[in-house]
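As written, the chains take the letters A, B, C and D, and residue 1 is the first residue of each chain.
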Amino acid sequence: MNIAVIGATGYSGVELLRFLRHHPYISRCSLYSSSQEGVPLSHSFPHAREEGELILQKIDMEQIAATCDLVFFATPPGVSSGLAPLLIEKGIKVIDLSGDFRLKDRTVYEKWYKRQTASDIYLQQAVYGLTEWNKEEIRGAQLLSNPGCYPTATLLGLAPLVKHRLIEEDSIIVDAKSGVSGAGRQASLNTHFSETNENVKIYKVNEHQHIPEIEQMLQMWDEHVQLITFSTHLIPMTRGIMATIYAKAKEDLSLEMLLDLYKTSYEDSKFVRVRKPGQFPATKEVYGSNYCDIGIAYDERTGRVTVVSVIDNLVKGAAGQAIQNLNVMMGWDEDSGLAFAPIYP
Amino acid sequence: MNIAVIGATGYSGVELLRFLRHHPYISRCSLYSSSQEGVPLSHSFPHAREEGELILQKIDMEQIAATCDLVFFATPPGVSSGLAPLLIEKGIKVIDLSGDFRLKDRTVYEKWYKRQTASDIYLQQAVYGLTEWNKEEIRGAQLLSNPGCYPTATLLGLAPLVKHRLIEEDSIIVDAKSGVSGAGRQASLNTHFSETNENVKIYKVNEHQHIPEIEQMLQMWDEHVQLITFSTHLIPMTRGIMATIYAKAKEDLSLEMLLDLYKTSYEDSKFVRVRKPGQFPATKEVYGSNYCDIGIAYDERTGRVTVVSVIDNLVKGAAGQAIQNLNVMMGWDEDSGLAFAPIYP
Amino acid sequence: MNIAVIGATGYSGVELLRFLRHHPYISRCSLYSSSQEGVPLSHSFPHAREEGELILQKIDMEQIAATCDLVFFATPPGVSSGLAPLLIEKGIKVIDLSGDFRLKDRTVYEKWYKRQTASDIYLQQAVYGLTEWNKEEIRGAQLLSNPGCYPTATLLGLAPLVKHRLIEEDSIIVDAKSGVSGAGRQASLNTHFSETNENVKIYKVNEHQHIPEIEQMLQMWDEHVQLITFSTHLIPMTRGIMATIYAKAKEDLSLEMLLDLYKTSYEDSKFVRVRKPGQFPATKEVYGSNYCDIGIAYDERTGRVTVVSVIDNLVKGAAGQAIQNLNVMMGWDEDSGLAFAPIYP
Amino acid sequence: MNIAVIGATGYSGVELLRFLRHHPYISRCSLYSSSQEGVPLSHSFPHAREEGELILQKIDMEQIAATCDLVFFATPPGVSSGLAPLLIEKGIKVIDLSGDFRLKDRTVYEKWYKRQTASDIYLQQAVYGLTEWNKEEIRGAQLLSNPGCYPTATLLGLAPLVKHRLIEEDSIIVDAKSGVSGAGRQASLNTHFSETNENVKIYKVNEHQHIPEIEQMLQMWDEHVQLITFSTHLIPMTRGIMATIYAKAKEDLSLEMLLDLYKTSYEDSKFVRVRKPGQFPATKEVYGSNYCDIGIAYDERTGRVTVVSVIDNLVKGAAGQAIQNLNVMMGWDEDSGLAFAPIYP
């Protein structure tokens, strides 16, 4: 199968390449970049040099459509909404890692992203690729919208509780912590080492564009769920997201019952691992891998459930889940190209 | 004034010394250690060498009582509850940085600390040294119990909301993040660099011994406040605590009104700085200093208030606040020995 | 092929497992531990949980010899020198990641390691597994001694210069920098996060046990090479070694000539990548992979060559090179189980 | 005394302010910036807010000359060489933290800095402020050129060896490691957290502009000293420099003799601390302070001396030494405004 990656010089793009190069069913992978055409990839990323140097190509949609079977977009906001339709119309499959096709309602997109996106027809056509919970739809998708990093960790952590209506609908608070790679490769004061090291910052308080993405999915699962509080913190590490999720139980629960529920919910999921009672995952325990690890606590004093969900933001939170979705779309083994352990320590 | 520090080889002890050596009203400071008597301090802490080498002395309570006017305990749990009464009875003032005298109810202490503590008479006598809110009592204290690091950040962040009864009494959730120095100098897998670096961990979920300390104070301010959810995370940095505090507003509030309230509440406090609208403090912005910086958000979508409170856990969260309490106890300027800026970057 | 790993609860052991589990020619891998027999591996390493839980077994040499074809030792100093001979005598192949069999001269071992090691017969039998330069011998090895992390980076960086006698024999100085994982998983003040973070330390000045290992190999290549100066620094990162190597050119050289030499020397090496003129590798560019990346400078002002050599200390510096040696010993593709890119960022 | 700081929005500028605000002899300190005139300093640096908000002023040389007694330049290369002469001519004292006045030979400056600098008359007039070794000249200086960070650590480490002619003149190699704050506050891929964290990089190999600055001073001390090899590495920490210095002894030395020499050399220096035999300083042990800590080894195997010299690059390597020079220039106690301990951990 011939694959194209548009936007190959960002962190998600180069991470896609890490998986695609050793994927058993991919014969050729071409890289496209708007800023560095004609330049070898190793110019930007010396670590990526292997035999057979890869050259970044000019984004020529005609040529891409003519030579590739499926196209990944690992581009900044506002790019794929313009380009992807050209491919869709020609029957080429698209997996979009940006947020352009994630929200079904254009006005919601415009409010949170402060820009325009694709037309309704494509927003409706796009399948939301939270693999574990949407496999049926993903199988037939032509345009797949890959979830955001925070929504992936949060939704996998909340799904069993929400789907089984175990928590008060207005009680969800998510305190999320992310490594700095989530901010991309663009240099800024915000990603400057001396400003970020030995530091925790909160950012985009009540304004993060992943808030409506999470709410949309929760309300698809249970229309009674109300707006959530969702905060994002920048942690002095490169990779990893932890979502600490708080919610009030509707009635008395027990830890045992909750763990049973989660284990059952994810028993067929290769990439979700539920911890034993009293154990909670750390972000490093999924580093570099496609796993989402989940731990659960129930506090009898307060009647609150705490769910701890960790992912590698560039893998399960971006490129890894995109490959997982590719595998499901193509009917391949779900872990093709993704069957490796976390790097520890 | 002659000062003794018992437990000078831990992080809080050596941090006390950093302030005491250059404190304008301290003439002599002696160091005591149970494990390293006769050894120069610079053996454990080469950074601390100044002219006039300090030698760690054996803990001899008679000798300490005979030569010192005030004694700091920077000891592990269970030490000061045994030793401090010997000094109290002789009229020596005591400032205890451990948790031994923080909880008024012995059974609560025993439940959360899994050990015994001092007898009721001393627990009742001990003054809780949250300086900004307890100055009157601190002035006359003989036995001062210095607050824990997490309670300091949390209570300074919550005080105006709770005292003015602006939030639902059952709605408080605190998600706290701490640097690794909060775990002390003891080597363990939990503080091992390779296990902690590039990692976020949650720990002691629903079981942290600072939970009852926070609840005790909140309920002293407003008896209707109910049990809280309080979570602690280990962050790959050495110093710093951020408490992200969530609570539901009782009625419609505005950011402007909240900021006014906080500014008024802390207008006479040298060490609490309230940020402008839309701005939030990062832990590095108080690094090495005695400041507590606070930022506030109000989300009209959900009716929730978010308060972000940061401190340096070893300064305002331990040794710095202890010096601040010393200053208040002695009637000195509150920032004596503490008048320096954060180190940035 | 059936494999045993003795010492599976250290960092090298668990890293071996990362590669062995997905190695195409390994059918079964058993783990042995002296301290945790009967315990699932995921108890110590939750990140390593996959389908089919691995249980740590008691070290029973009879049972190991009866069921395994090849045994890896990832043990502390002094273990394999005692146990490996039992396997050797039964015809089992051994790959030892510890230093026990690296030095040919027992008295040198005793001087630098301050302990005894194996008898001469095994020291002579052991093949030193610096794969790129010893392939012929490795092919027939029964007892393979895997090189130390520092020697690997240093020797790969120095080999072309020394073998071609281009540098003054008494001019070699190596300034090496290592991440903290090189110190193992044992908790100590030296690996404590708060003592190591935001810090560079030099350690074992002129006393590191890898010095004689490097000198032994250099003098095997050119008996005229004299004793070297070799320093080791602890860097606040988990993985990675950089060896910055300085030597005086015997006669006028040029950068072009040096780069040609290195490229030719390593043109058949899958895991050594030589950088372009003016470019130097960073440790992160080999993170998690088996690559050794090398950059070279020649200073016409001083007539000195500077070689920069980087590896991941737990991969090419330990478990990865061990697998590479396994592959050569068995006649498999040299990158079997190791064909993956560095993780970046 | 009235002080101006030009270039107050960089790391050196804000660090100067940390010391000047609490300096006993400074009555007023004004801040000037070319990019942010009229803006409060706390806009860029929230950590620096104290009572009495400081406003950044436009750089108006007439006004500065009329109102200030002494001016610090904490500006990028090429600024002070143009502006300082205007002040010098009016009798205002200048302390320049940039490199513009450090090299006595304009052609050398132009070769290494790739730009022009001040005219010879000012280069000759400028006094090089390596305080410990140049006190006499500093006392009478009107134009003081503050040393670079690397030269400070290196020269303090080498001075006793070079001045006493103990080492081979062509044998000096310096391997220096620096935290990222040395690269300034400008955002770039080179200071991006995700590119720098968990990483060691070498940079400007054989091309660093501090090389001629070090050589100039060494040759002033001993004209026979030859060109040196000097390498710089970027370490994943914010502050701190370690210079590991290698040199060949001319004749047999002993560690005892070397330590005596260093202790004698620095016995009157408040800010240089020499370690005991077998002990070496770590960068964290001077964090935030004006100390330079030095450890020494002598290897009888190779006849080489290793000197380890550490400083905080923003303090002794920049703003702290500038204040120290101010104190010497004015005849104040050398540690005025600088008498505080390192922050540890």
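Keep this in mind: a contact is a pair of C-beta atoms (placed from the backbone, for glycine too) under 8 Å apart; a residue touches a chain by one contact, two chains touch by 3 or more.
On a predicted model such as this, the values are computed, not experimentally measured, just so you know.
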item: Longest centre-to-centre distance from chain A, chain (CA-based); value: D
item: Winner on C-beta contact pairs when A-B is weighed against A-C; value: A-B
item: Approximate Å spacing (C-alpha centroids) for the pair chain A, chain D; value: 46
item: Euclidean distance of C-alpha centroids - chain A vs chain C, Å; value: 36
item: Chain centre separation in whole Å, for chain B relative to chain A (CA means); value: 39
item: In chain A, residues with contacts to at least two other chains; value: 11, 179, 181, 194-195, 197-198, 236-239, 284, 287, 345
item: List of chain D residues in touch with chain B within their complex; value: 11, 14, 17-18, 21-22, 45-50, 181, 185, 197-198, 238-239, 273, 275, 279, 281, 284-289, 293, 339-345
item: Residues on chain B engaged by chain A in the complex (per definition of touch); value: 173, 175, 177, 179, 194-195, 197-203, 205-206, 226-229, 231, 233, 235-240, 242, 244, 246, 280, 282-284, 287, 295, 297, 299, 301-302, 304, 306, 308, 310, 345
item: Residues of chain D touching chain A in the complex; value: 11, 179-181, 183, 185, 187-189, 191-198, 236-238
